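In what follows, a structure is listed as structure tokens, so that the remarks can point back to it.
Chain lettering (A, B, C, D and E) follows the sequence in which the chains are written, and residue indices restart at 1 in each chain.
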Amino acid sequence: MTDTAAAAPDTPAAQAAAPLLAVRNVEVVYNHVVLVLRGVSLEVPEGGITALLGGNGAGKSTTLKAISNLLGSERGEVTKGTIAYRGLPIAGLSPAELVRRGVIQVMEGRHCFRHLTVEENLLTGAYTRRDGSRKVAADLEMVYAYFPRLAERRKSQAGYTSGGEQQMCAIGRALMSRPETILLDEPSMGLAPQLVEEIFQIVRNLNEKERVSFLLAEQNTNIALKYARYGYILENGRVVMEGAAAALRENADVKEFYLGMSEQGRRSFRDVRSYRRRKRWLN
Amino acid sequence: AELVVPALSYRTGPYAPNGIPFADGYADYFTLLNERDGGIEGAKVKLVECETGYNTQRGVECYEATKGQGALVYQPLSTGITYQLIPKATEDEIPIHSMGYGRTSAANGKVFPGVFNFPGTYWDAASIIVKHIAEQEGGDLKGKKIALVYHNSAYGKEPIRTLEELSKKHGFELMLLPVDHPGQEQKATWLQVRRERPDYVTMWGWGVMNQVAIKEAASVRFPMDKFIGVWWSASENDVIPAGEEADGYKAVAFHGVGDDYPIYGDLKAHVYDKGQAAGDGSNPGTVLYNRGMVAAMWAAEAMRKAMEIHGTNELTPAMVRDGYEALDVDEARLEALGLPGFTVPVKVSCANHGGPGLGAIQQWDAKAKEWKLITDYIPADREVVDPLIQEDSMAYAKEAGITPRACNM
Amino acid sequence: MTAGGLAMPFRSGGAGEAAAGTAAGADASGRPTAADRRIGPPVLEVRNITLRFGGVTAISDISFDIRDGEVRAIIGPNGAGKSSMLNVINGFYHPQEGEIVFHGQLRRALKPHQIARQGIARTFQNIALFKGMTVLDNIMTGRLTKMHRNLFWQVLWKGPAEREEVAHRAAAERVIDFLEIQHIRKTPVGRLPYGLQKRVELGRALAAEPSLLLLDEPMAGMNVEEKADMCRFILDVNAEFGTTIALIEHDMGVVMDISDRVVVLDYGKKIGDGTPDEVRRNQAVIDAYLGVAHDDES
Amino acid sequence: MLFFIETVISGLLAGVMYALVALGFVLIFKASEIFNFAQGVMCLFAALTLAGLILGYTPFAEILHVLGLPAAWMPELPLWLAIPLTMAVMVGLALLIERLILRHLVNQEPIILFMATIGLAYVLEGVGDLMWGSDVKPLDIGLPSGASDWMLDRFDIYVEKLEVAAAVIATVLVILLTLFSQYTRIGRALRAVADDHQAALSVGISLRTIWVIVWSIAGFVALVAGVMWGAKSGVQFSLSLIALKALPVLILGGFTSIPGAIVGGLIIGVGEKLAEIYLGPFIGGALENWFAYVVALLFLLVRPQGLFGERLIERV
Amino acid sequence: MFYRETGDFKTSYAADGQIFPVRLDRWAFWFALAFAFLVVPFLIDDYWEKSILLPFLIFSLAAIGLNILTGYCGLVSLGTGGFMAVGAYASYKLMTEFEWLNIFVVVLLSGGITAGVGLLFGLPSLRIKGFYLAVATLAAQFFLVWLFNKVPWFYNHSATGMITVPERTMFGIAVTGPAAPPWATYLFALALLTLLGFAAKNMVRGRIGRSWMAIRDMDIAAQIIGVPPLQAKLSAFAISSFYIGVAGALYFCIWFGAVEPTEAFGINQSFLVLFMVIIGGLGSMLGSFLGALLLVVLPIVLKQAMVDAAGMAPVLARHFEITIVGALIVFFLIVEPHGLARLWAMAKEKLRHWPFPY
């Protein structure tokens, strides 16, 4: 795992000094014609948890895929801007190379290997590791400890497990590679509330104990801002707002649009059928 | 003037190993004429090769593409393409020479004025084989069993009718064993041979099928000298892979084998040594090379004849057709061409486009790695073949609405 | 089946102005509460269903009912058998034991498409849109059960087939208006972001004018704002066309707010059934599913 | 009865020969869900290369000839050199295929990849012809051939020696390959790639490496099959058509199962021989081809994923 | 901006649902059609007819047929050659048994008979999926060809099993047989293609087409929303076979005039048509035409360029040709896996933005 001794990650100074991952002014085009990211810049500090928030189609997943170089397989490409990891540009690297350098992505929509058993799925996560099968076995136990449900289903083909089980499987699989940076795309999707909380606990755990850095795209703004330290809000392919998580949580707009709070506190979903204020940053 | 002769060759695809030597022989003969004699009666031959890959669709494309260049005669070189071209070429008045293949009943010149298939047809070949067998058996075929192993296509099915007639006539039992293209796997066929133990096996095979059949026959210990192929199952390619075991395998032939003919001297001097040989130059003397050459020889003679008839060396396809119809290449002429005894004498007439229908039996000598003619040219059983030709060609005439022309020569 | 659908605005040539009905103005209190709405007798009863896959028992001996016009939520931890339950209801899985009563009649073993024709439509947990088609075509596909012109007219096109097409197009357009997805009408669905895809899927189900609508995690992967939109659609459908809705959802806020009754599954067993408030207080449910998370959130 | 036994044995052995070709298909399908139609041509290409090297053909002689370059300078290579060289060519081919084709088609529909392999088949066919010419090349590398005299004299049963050898080789291959794909890290990665290219990428599996490995192995299997069939019928274009013989075997055994290829081969082999011999005389011969497919079809109706194939996962 | 849709408003759903919603496209189409019907017949000779136009028209028809099955309904079939054989032999039998039947009727009836056969062979598709089905359709391919090769009734007991087309006329002009003038056969095929092309487009844009596409994209979801899979798949098989049967009949009657089943309708034919469909664009009408055009013309162009223009030896040219065709297929797939039709659409989209990149 990471052996660089860095300053306490929370201090802004540390963040400014050495961003682990720096995305500068990135533009992404799909199919040569669909412009999706219109110049996104963001930074992930070493040992930080950074949240990427925003509505549907804002470009969160695209940003993550641009970082992990998975765009190619969807006929998308980065047409402008640079992405640097530990100061080195990573544009030309294959996803496999990135994983070897410690950056792994958990893709949105599960993407388990359907015909492999749950356990085999987890083991593929350790594909790039060279530190012996004993360590891998130990990590497997760790994942099972995090997700007991997976242990119960270890021998069934992933394709036959439930949606939430697949989500756990995908996250567990990423953990198996012992990454130093995880790009998490919608980890909470389809998980039971209890489990959502647990997953974020795991995130915090890894972050604090193992100093894993996280960039997480999340719709559940509430919980994301609770665990993240810094947040970016993406809309329509642009970063429209950024700031420390605590600050964002207090922002009125964020409250209204992303946290579902009104002045009176939490708004009931039953009552939301009235006119809504337009987000002012949507031109 | 130039004489445009298209060659619908197939140097690619599954039958390329057979197509290459034929195409080489065909090309080299014309090259020889051009180089040695300056063409035919002063007109150079322009050979236009068009690659068909033994594929009908491409064959037709080749036909349409070369037709416009003034093609004088077509050798379609595949039964499928021949069938295709017969009505078209007839309409376009371009002669077709399907030498020993194609539609047998085209031998009837009354119905097929523009198609020639001398010197012999498949039906001739079938009857010659049966005659040879009868001779081996001392004249009596009663109660014998003869199997036909055939390429399961129009080509392979040609002899069936004739063999059926012959089996009625001679009282032998006929056993039919089709083999699907390409014929690499013939286990079942030869197991059947092993079980039924026919006295003789004849074969209408092509391509890889031939050699596999010969190998399999050897494996099931079928006596090779009782295994007789048609002339398209008679090349070196077919027997060499089976090695020693193929020794004694027989086939019908209508032309000589080897390169022991004066013409090869000329070929060497005027073609090979000048680096003009077609292909990679490795085929002279092989069976199929010789066959290509004999086809070219007849085409050249037909053109010569046409010039003689029409008194010009600016030929049209129709003139060449006349030349074919008046073709008469006898022993003496062969001698003069440097091909003494190379093939049977041919005399074509208005009614008979099928030639003399003669065939000899050749046999493979595995030690010497060469074919040898072991019989004289045997005539076909006209008594059986002619009525069949008559019947089939008249049926075609009726179907296609052709009134047979009168031939009073 | 859907005789009550006369008032359905999606129906071809129907009169309702769905979009207008839901748009501006109506303030929260104007909305009928659960008590006001006509919640009728059970439309669907699930009786003693047991479903096994090889060694795994996904559902064991579960019974509950869904009443006409209500919003019924199904919740439970991951792998509890919720999706499987929906699959049983619409005939994709065949339970080993138990029976289903639909509109008071014991349901025979039917093929899924036959069940769809009885008026049950659904959306899927892992989006199952027709990727190669546009949004409009997807929604039109939802109306296939209502289109009948035969091959001959189809080939001819001009005449009855075109008229039918246009009529159904109008209905599909009303769904599109209702869900506010006009701008992506002609976009191939594969290119849409996740949340919109979910919305299109809802549209496809709505286009079939179902009497019972099954929604499998319709709001997964959405942010609060979008969830709110989705809730609005669901509630409107329910309120205005009386469509019965069964919904699986992990967001307790949503479930507690919009459902009339909740059934809780836990690893194949039913551990709770009742109004949101009852369920929220049920200790078994708290232990198995809710944890403490829900409360400290708001 | 004896004849029946003989037929069955022949069928079994013929089946093994088909299975050898089918194995190549299975490997690639298992690793990438690519239905590699070029497998047949790869057999041809491998056998052509081997035969060409042994017989001292100069590669691209025709082109060299046209260009006026010396076109006959290759010596006849001994077997121990020719085989590794051929294998090197096949590995090179795998590299090229990955570089030029697969890499650009990541995450595409299976049918697109299928088409690409047909395109590849054309290219290989053309290049094979250009490289080695299209004449028949005997391939004699000392494999036994002809009928086993011992069996014939002793039991009056006709058994082809070459096919017995093939059976032995095929068995060994199947065992090795099964172990490889089921129990090794790479093997697991292969199956992962087949399920989801993108996810495989995301966990750090390098598709490129995997593909090169798999296509190299498939090239090796193609070489083995090509040698066997080449010894039987000479090396020439028709060799590529044995792919069609392997297809029913493939669907019967299941696209993803290595042992399935063998079992499928045996069933198809026996089925078609019995049909040809016992049914052929009644309904007309040469029915082997379609009969094999019909047998496979009947099995599929019962098990749509083939005998040993992975179940199709259908869920919503 | 060359290609503009702006200002091209639709005021009714019917207008929005037409085949070419953009005015420019519509005009171009009608112009091309008029050209094909009114001008081309005066220009063609035997070579154009037999080597380019007829193959193009006939393969377009076959490609439409296969596209219905594979592109729209998602069922890959490798039995196209076999079904074309059914069409050809059906037309032969119809023509020889009922000599008074009009050739136009004969061709359509042949399609109908093929549809029946297709239906039969489509039955396994209910259970078998994906490549398993694709390979299983080879059973149809091999069986049908075997049947026509084996049962003498189909070829009226002729000696070789070859069938030859009798002459048939329309409006007193021969359209089959060697005497048929090129323009007549061309117009005959063109008329059929136009008719059936429109019919196909109408099917795929309506109810039936949608149920096919639903099955293609996700068959379970389709069933659950009420598409009966049996009906959808079988109708796709039947209708696709109808088109392929008509193509087979034309192939035999007006293009070749004489065929034998093993070669003319072999598996290569199946692959060729599949190529056309995929290179052209799965699930696209335009794609069927583009694919057919490309694969008919490409080999000819290559051959002419290499043999006639560059003077290469035909064999060598042929080897290169196979290689290049193969390479181009791969190339096109890489450039745009969704086929030429998509390439075309993207080009239009670019034109729309032109001169701006996005």
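What we mean here is this: a residue touches a chain if its C-beta (ideal position, glycine included) is under 8 Å from a C-beta of that chain, and two chains touch if they have at least 3 such contacts.
Each chain and its UniProt protein: A, C = ABC transporter ATP-binding protein; D, E = Branched-chain amino acid ABC transporter permease.
Every value quoted in this text rests on a predicted model; they were computed, and no experiment measured them.
K.L.:
Shared touching chains for subunit B and subunit C?
P.N.:
The shared contacts of subunit B and subunit C, listed by label, come to D, E.
K.L.:
Could you quickly compare A-C and B-D and let me know which has more C-beta contacts?
P.N.:
Most C-beta pairs in contact, of the two: A-C.
K.L.:
State, to the nearest whole Å, the distance from the C-alpha centre of subunit A to the C-alpha centre of subunit B.
P.N.:
So the centre of subunit A lies 75 Å away from the centre of subunit B.
K.L.:
In whole angstrom, how far does the Cα centroid of subunit C sit from the Cα centroid of subunit E?
P.N.:
Chain centroid spacing, subunit C to subunit E, equals 41 Å.
K.L.:
Could you give the separation in Å between the centres of subunit D and subunit E, each centre being the mean of its C-alpha atoms?
P.N.:
31
K.L.:
On a C-alpha centroid basis, what's the spacing between subunit A and subunit D, in Å?
P.N.:
44
K.L.:
Which positions in subunit E touch two or more other chains at once?
P.N.:
149, 220-221, 224, 313, 315, 319, 322, in rising order.
K.L.:
What are the residue numbers in subunit D that touch two or more other chains?
P.N.:
62, 129, 284, 286, 289, 315-316
K.L.:
When you check subunit A against every other chain, which residues touch at least two of them?
P.N.:
34, 160
K.L.:
Pairwise, which chains touch?
P.N.:
A-C, A-D, A-E, B-D, B-E, C-D, C-E, D-E
K.L.:
Mind listing the subunit D positions that touch subunit A in their complex?
P.N.:
106-107, 185, 188-189, 191-192, 194-209, 256, 310, 313, 315
K.L.:
Give the list of subunit B residues in touch with subunit E in this complex.
P.N.:
9, 11-12, 49-51, 53, 55-57, 60-61, 64-65, 67-68, 79-80, 83-84, 86-88, 90-91, 103-105, 152-155, 157-158, 160-161, 180-181, 392, 395-396, 399-401
K.L.:
Quick check on the complex: what are the subunit B residues that touch subunit D?
P.N.:
Contacts found on subunit B: 11-14, 16-17, 20, 152, 176-180, 182-185, 187-189, 191-192, 194-195, 207-208, 211-212, 215, 218-221, 237, 240-241, 245, 280, 282.
K.L.:
Considering the complex alone, what residue numbers of subunit A touch subunit D?
P.N.:
Interface residues on subunit A, with respect to subunit D: 68, 70, 72-74, 94-100, 104-107, 111-116, 120-121, 123-125, 127-128, 157, 159-160, 170, 173-174, 177.
K.L.:
Would you mind writing out the residues of subunit E in touch with subunit A in their complex?
P.N.:
So the residues of subunit E in touch with subunit A come to 346, 349-350, 353, 358.
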